[in-house]
Amino acid sequence: MLEAHAVPSTAAPLVQVDGLKMHFPIYSGVLRRHTGDVKAVDGVSFSIKAGETLGLVGESGCGKSTVGRALLRLYEPTAGRVIIDGQDVASLAPEDLRKKRPMMQMVFQDPQASLNPRMTLSRIISEPLDEHTDWTEAKKQDWVHELMDSVGLNRRFANRFPHEFSGGQRQRIGIARALALNPKFIVCDEPIAALDVSIQAQVVNLLEDMQEKLGLTYLFISHDLSMVRHIADRVAVMYLGKIAELSPRDDLYSRPLHPYAEALLSAVNEPDPVIAAKRRRIILKGDVPSPANPPQGCNFCTRCPKVMDICRTVKPDLIEVEANRFVACHLYPTNLAAGSTGASEATERNQQGVTR
Amino acid sequence: MADQALPVLEVRGLKTVFRTRGGEIHAVNDVSFHLERGELLGVVGESGSGKSVTMMSLIRLLPSPPADIRGGEVLLNGKDLLKMDAESLRQVRGAKVGFVFQDPMTSLNPVFNIGSQIMEPLRAHMGMTKAQAETRAVELLELVGIPDARKRLKAYPHQFSGGMRQRVMIAIALACDPDVLIADEPTTALDVTIQAQILELVKDLRQKLGMSIIWITHDLGVIAGIADRVMVMYGGQVVEQAPVRELFANPQHPYTRALLKTIPKISGARDARLKVIEGQPPIMGGVPVACPFRERCEYRHAPCDSINPARRAIDGQPVGRGHDVACHWTAPATQEVAHA
Amino acid sequence: MTDTNMAASRPETFRAAVWAQFRKHKGAVFGLIVLGLLILFSVLGPLIWAPEKLTVVEALKSKNLGPSLTHPMGTDQLGRDQMQRMMAAGKVSLAVGFVAMIIAIFLGTLIGVLAGYFRRLDGPLMRLTDMFLALPLIPLLLVMVMLFRDDLSRTMGPEMGAFVLIVFAIGVTSWMHAARIVRGEVLALKEREYVLASRSIGATPKRVILRHILPNVVSPVMVAATLGVAEAIITESVLSFLGLGFPPDFPTWGRLLFEGLEYMQLYPERVIFPGLAISLTVLSVNYIGDGLRDALDPRIRGR
Amino acid sequence: MLTFTLRRLLLAIPTLLLISLVIFLLVDLAPGSPASEIPLTVPPEVRMKILEALGVNEPVHIRYLLWLKQFFWVEPLNGFDAIFGTNYAEGMQRIISYQSRSPVFPLIGERLPQTLTVIGTAYLVGVLIALPIGIYSAYKQYSLFDQFGTMFAMIGFSVPTFFTGTLFIIIFAVWLGWFPTKYDTTLAVTDWESFLKQLRQMAMPVMVLGLANAAAISRYMRSSMLENMSQDYVRTARAKGLDERTVVLKHVLRNSLIPVVTVIALGIPSIFGGAIITENLFGVNGIGSALIQAIRGNDLPMVQTLAFIFAILIVMFNLIADLLYGMLDPRIRYD
Amino acid sequence: ERGADGNVNVLYWQAPSILNPYLSSGTKDVETASLILEGLAGFDEKGVVFPRLAESVPTVENGGINAELTQITWKLKPGLLWSDGTPVTSADAKFTYEYCTHPEGGCAQAARYEGISSIETPDELTVVINFSAPKPNPYTAFVGGTSPILQAAQFANCLGAAASTCTEQNFKPIGTGPFVVTDFKVNDVVTLAANPNYRDPAKPAFATMTVKGGGDAAAAARAVLETGEFDYAWNTQINPEQQMQMAAAGKGVLLNGFGTLVERIEMNMTNPSPDLPEGERSTVKHPHPFLSDINVRKALSMAIDRQILVDIGYGSAGRATCNLVPAPEMFASPNTDCIAQDMEGAKALLESSGWVDADGDGVREKDGMPLKIVYQTSTNPVRQDFQAVIKDWWTELGVEVELKNIDASVFFGGDAGSPDTFQKFYADVEMYANNFDGTDPEPYLAQYKCDKIPGPDNQWQGENINRFCDPTYDALVDELSKTADMAKRGEIAIRLNEMLTKDSYVVVPLVDRGRLSAASNTLGGAVLNTWDTELWNVQDWFRVK
């Protein structure tokens, strides 16, 4: 049986990320000297409590997937700590890491690409079992069937190949695979981006059900802001390798603080012609700069509608400007944040009570 | 030019079938619609409902085999595109009908520079010299908001971001001032902020050029923002068609209604749980003899299993002109779908 | 999310499914039949077709005959029955072709996968590949023959020894092409999400390779294999020609073709039969490869 | 691009040194000695003397180092002298062929022209036949033409050149009398008539090799075309209203040629390497036949030098193929 | 008239690689060089010595050779010119001797100058050769294509180790022959033009000559007989069927002539077993387990039908023989008792000497030693056919045969490191052909002396391939070397020949192989000569109109 993890009510966070950096080196020159880096993730810190869902949003290429992958040490992080359930995953020895893997899993963006086209459903789902258990074939099959039941896949499909399923079903396979080892923490890397609207809801509902049933903790990466609003408790907005704003969901959606978050939210299409006609979008000019060569000051200064001189020279830090709301922007003077720690803790607890 | 009162494009009873090893797939079944001059017609429907196939059938872009257009008429300014010979059709493509495809990453030829790809239709249809075409290409790029256009002509697609490539695609489609622009999910692959740029651009262009546009998407949010009229497709058929506000305010078809409910809102109250449409899309293995949506329909009743419903008007106007729906079930008069 | 209109869980096994798809491929079936016939001809043929052993003098009386009922493929300059020689030759040529191909493909895949998957090995292994490409083939073969022929023929008998040596020599000198193709493919596959997914589960490189990489390089490998059979059969004939091949009384199709060349003008059947046999083998292997590639791909099989 | 090239060239040096060592040892280790050319009538003492005079008896490492020096220093210096009329290389021992007792490099130089014209033309012809076949086969996939194309390619793969060559000789030289069977390497093309003569004597070897080359390349072309034919940009091109010819011969072809061109480039060293059997059969006497003659006669310096030059060419053309890929495909950048 | 007949096209499919016969002894090189370089005398098609540069052939009778047989005096024709117009003198001959006997030169024809103690040149036209011991056959130095006279002026700087640096000289020697080189492409083509200073102003009839190389014997024959592209093709050794077919084309004829080349099977008198430690295989330490029994050797010979071999392999270019020395007539034994095959006799012989098939496996054995033979030869279609046929006969006889063929460059390569050379003889029997240079078999027969057995101590360089060793044979050879009387020499040679063949069967001759060359119908004057180079009379060739 799938087991629910006890969700500790007073919590040291399950996942604690500190100053995570992931730089992909660029080599050039005759001698392949290391001449630069793609700063895909450049100093990101956040934490996720057990049973919580943190939404991670941002434009394509801003480093969301990289964060997710570095968290699970699919990439070797350049710097920073990733403490998951008390152990620093970023520095674990290979064998320990392998042992750690069952508790942290991933659901991938493209359900088609993340399933080996030559493996049957049951082999795909039992792959983690092959790796981490020495169960008999029959026991594995039982477990696979149970997993299939719980993600809503008919048991009779066990011997089919991925291409024989619809997108939503494929994503269910992916989720079943992630659940196979009873993980506590799942990184969902745009699990719905490749799906049809009518299917997206199914998958999101499934993820929510599973979370409820098993007490899972999610990092939910997406660029669909309305879906993130639906599923996440807190949301981090990323821009070019850095977190621009990290706020509780409702606060963010009702009153985004960072100019980028604001623009992002304004760009969302509300499926209602009446509202759509009234709304004014903030249209950002230009393209995202290359992460290999980010602007000198604030990463967003090249496109920011509210840009100031200071933005072009000084990188703003991510600071708590309101209770529980962290923003990296010069618009919000640092002193506002001073001494607000106590208050934030209070609201945080309060909020947990509300959402769960 | 034809009579201003006539629609630019009139499609009647279009049928497209794919012959595959596993049998025939009836991807488009008896689809009829029209496009008024200067209008933007939104087409929505889930993946596989036949949106792309319908539009590509119009100018016979589907590879044949396997595709086979079994019947219907496609009147562009009164001339039937389905009966044209290859050469006249070629002269319509790109000149009278511009096409923008879904995936900007793969729709441009990676080995030719942007300039030559924009200039191609200009030279093929308008007989422009190289210099003329170049001038026009620069204009077009500026029109779609690409700064420093002259320099960018020499750039290759891979040097452009997705949003810029999609603008290039739009520039190509607009090159010969077509009467109709068909955009097949042009923003689906793009980021929200870039998507916003493109949508803004299209609104702009419509104002400037007064173009007739068909805009395919499965994002109802996009439709709500830009369309004049909406056509909902399901299982290779048009299931509902109405002016945009009417559709959102008063959806008639159970599929439309369900679709509107599945989408989480960015504002307003947050639902505890998303509505879903259970079940699978239909397998379009033959000429439909029953309602394609019946398996998933919450209002399913006897006739649904034996009769494929015809489109019927619900606001007294002729079918196709006002609000019509293809369903045996009649929605209660009260507005059920609430919006904030 | 139930699914009522889909058929019940498939009863057929993997093998049955592959076979069912394979059967749909007309070319492949044709190839299989032809190859089957060639194998039957070579393996069972001698059991059915055994013209009586003549003395040299008697045999020489019937030398250089054209095809007839008693000698369906004629006789050679020593009066030996061509059909019998073709059968014996077929056994050797087919075995050489397939075994050498398997060795080459094995080496090529191994090196390609290692180079593609492990970054650190890439440079050295690719240089090794370059080196093998650049080595002069004939001296290499001469050296191999010199070093190993005697030991092999002592331990395995002259014929088996020669067989092992030749097959090995051909295999070792023709894996480079496959290695390059496989490496390229692996480099692309490595970035696929399902490989990442497997790594996120904690799978060891060995498992990832066996489970996810190898099955997906099947199709390019199949193409290389097809060409490999043809190449091996022909290389063998060149080796025999250089005196590095089998003992001279050990016919192979390549050798028969080469020997027949002298008589081409007088007795064209002397080259037509072996030539035809080689071409048919290559053609049928090619089609079988096509069919197998389709059949092994579940996406195509499902259609 | 430049740094990429430089980097690869730098990397090539150790590779080539290693290859040179392996080739040298391999050739040296191979059984057989230059004495096999000496008839049995020559008594053993004389044989030993001859071999001694050839320097065969020096220890192998000494010969290797000497050969390296000769290859990389003496011979280039000689080339320099030949061009600028200087005499820096005077008195230095060059790489001497055992068979002809003369420096190896001029011998190779003497053979290059016919190899390049005949094998080069054959390669060109092969490519020129293969491309249209490949293109049309792919355009009409599964058509009769395509099936025949496959058959043609398979037969091209499976029939050795010693067979096609002899067949052609019998048909075109013996029966029809159109072409000479022996290539005249002394023929100088000066006027129309000698040009025709050159064409006639090239016809058969070019056909034999051209067919063999065409078989392989047409397969590559076909599969590359097929792959690109279903790409989205092809649909875009059609939607623009371009005619079918432009769509296929411009858009699809240009993309499909990228991998094929690199395959073709990788095959170019084989032009310099010659074609052993064909050259021998038609008396073209280019590099290929030089190699086989040298192997037969155990002319070690010749074999070693030829094999090494060939290795250099392979490494070079590997690089060229990579660069070409980058030049043809704007998506690839080397920096 | 010189140069009247235009160009003549000659095909040497094994192409010449150098035109100095002192640096290469390959037939192709020696023969092409003979177009340019000449000796004092040559051999005609009957093996008779005739003068070239010399005025006449010196003999004991005419006083040219002294009675002790230690000195021969040659007189040059007066007024001879090199092709560059300078006079030919006796100094050139002396220089040539010095050139070839230089210790560092590695001269390929050193054997031709063996036994010479000094050469004197009393005047410009006289060459006196002194031998250190009586020389019954003094026609070695400067006689025949293998030892022509070089121009001292041209080769002055090419002595010893410098020989290899003289590329220009080696490729374009100045000579007295009918032609001069205009261009030489190594291993490919030699173009020549008539020598303007040739001693006979009317010769050669051809103004130019092309000697082309490349391909194989069949292609060469085809180019002369079927397509008519060439006038003459050297060594067109093709199978009898092809001979007939090509000759039928009617464009030319095959010329053949018999010399001393004999295809033979050599029996290994020592044990080649791979079970012996390296260094002891095929050495005199271990006698052969069954081939040392003469009855076995004899039976093996009796089981062979030599005429059939001729028919399948050589046709008109071969004849069955029982002799190692088949010619010249004077030295040839009349023995023909091996010609008729006698299978039954062979079987009976084995039966009677105890070799019986006791266990019924078809292989005879004695004392547990089965008759299992490894039979090796070089790779060549005719030899492979021979192997197949002989294997059949021997199998019928009750002998198991394993065939092995080895690339010629390895087999004849003499590489001490290779196990596959014919000298190492790591097989029970082997087949190849050999002959001797010129007309005198003495050195040839001397090869079978005990001290010429190859082995690890002489780097396997001996010539006594079958390790035959018989003191009476050695003594007889020594006697031959001292005998000057021609009739007596013939007798001894025949005796020696028989000791090796019909008395002991250590050498089993099979076929006396002729030379086979092809000449076009339009080429006149070509006469095949097996004692000297084939191009010996090229100055007399002409175009048939």
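Read from first to last, the chains carry the letters A, B, C, D and E; within each, the first residue is number 1.
Basically, a residue touches a chain if its C-beta (ideal position, glycine included) is under 8 Å from a C-beta of that chain, and two chains touch if they have at least 3 such contacts.
Since the structure is predicted, the reported quantities are computational estimates derived from the model, not experimental observations.
Centroid distances from subunit A, each centroid being the mean of CA atoms, peak for E. Between the chains D-E lie more C-beta contact pairs than between any other two chains. The distance from the centre of subunit B to the centre of subunit E, with each centre set as the mean of the Cα atoms, comes to 90 Å. Chain centres here are Cα means. That of subunit D falls 38 Å from that of subunit E. Each chain gets one centre point, the mean of its Cα atoms, and the points for subunit A and subunit C are 50 Å apart. Shared interface positions of subunit C, defined as residues touching 2 or more other chains, are 1, 3, 142, 146, 241, 265. Of all residues in subunit E, those that touch two or more other chains are 407-408, 410, 418-420.
The set of subunit D residues that touch two or more partner chains comprises 31-32, 174, 295. Within the complex, the subunit D residues that touch subunit E are 31-54, 96-97, 99-103, 106-107, 110-111, 169, 173-174, 177, 180-186, 279-285, 289-290, 293, 295-298. Residue ranges on subunit B touching subunit D, taken from their complex, read 56, 59, 61, 86-87, 90-95, 98-99, 101, 103, 106-113, 120-121, 124-125, 156, 158, 169, 172-173.
Subunit C meets subunit D in the complex at residues 127, 130-131, 133-136, 138-140, 142-143, 146, 227, 230-231, 233-234, 237-238, 241, 254, 257-258, 261, 264-265, 271, 275, 278-279, 281-283, 286.
Residues 55-57, 60, 63-64, 77-78, 80, 142, 146, 150, 154, 158, 241-244, 247-249, 259, 262-263, 265-266 of subunit C are the ones that touch subunit E when the two sit in their complex. Within the complex, the subunit A residues that touch subunit B are 59-60, 166-167, 196-202, 204-205, 208, 223, 225-227, 229-230, 253, 263-277, 281, 283-284, 287-288.
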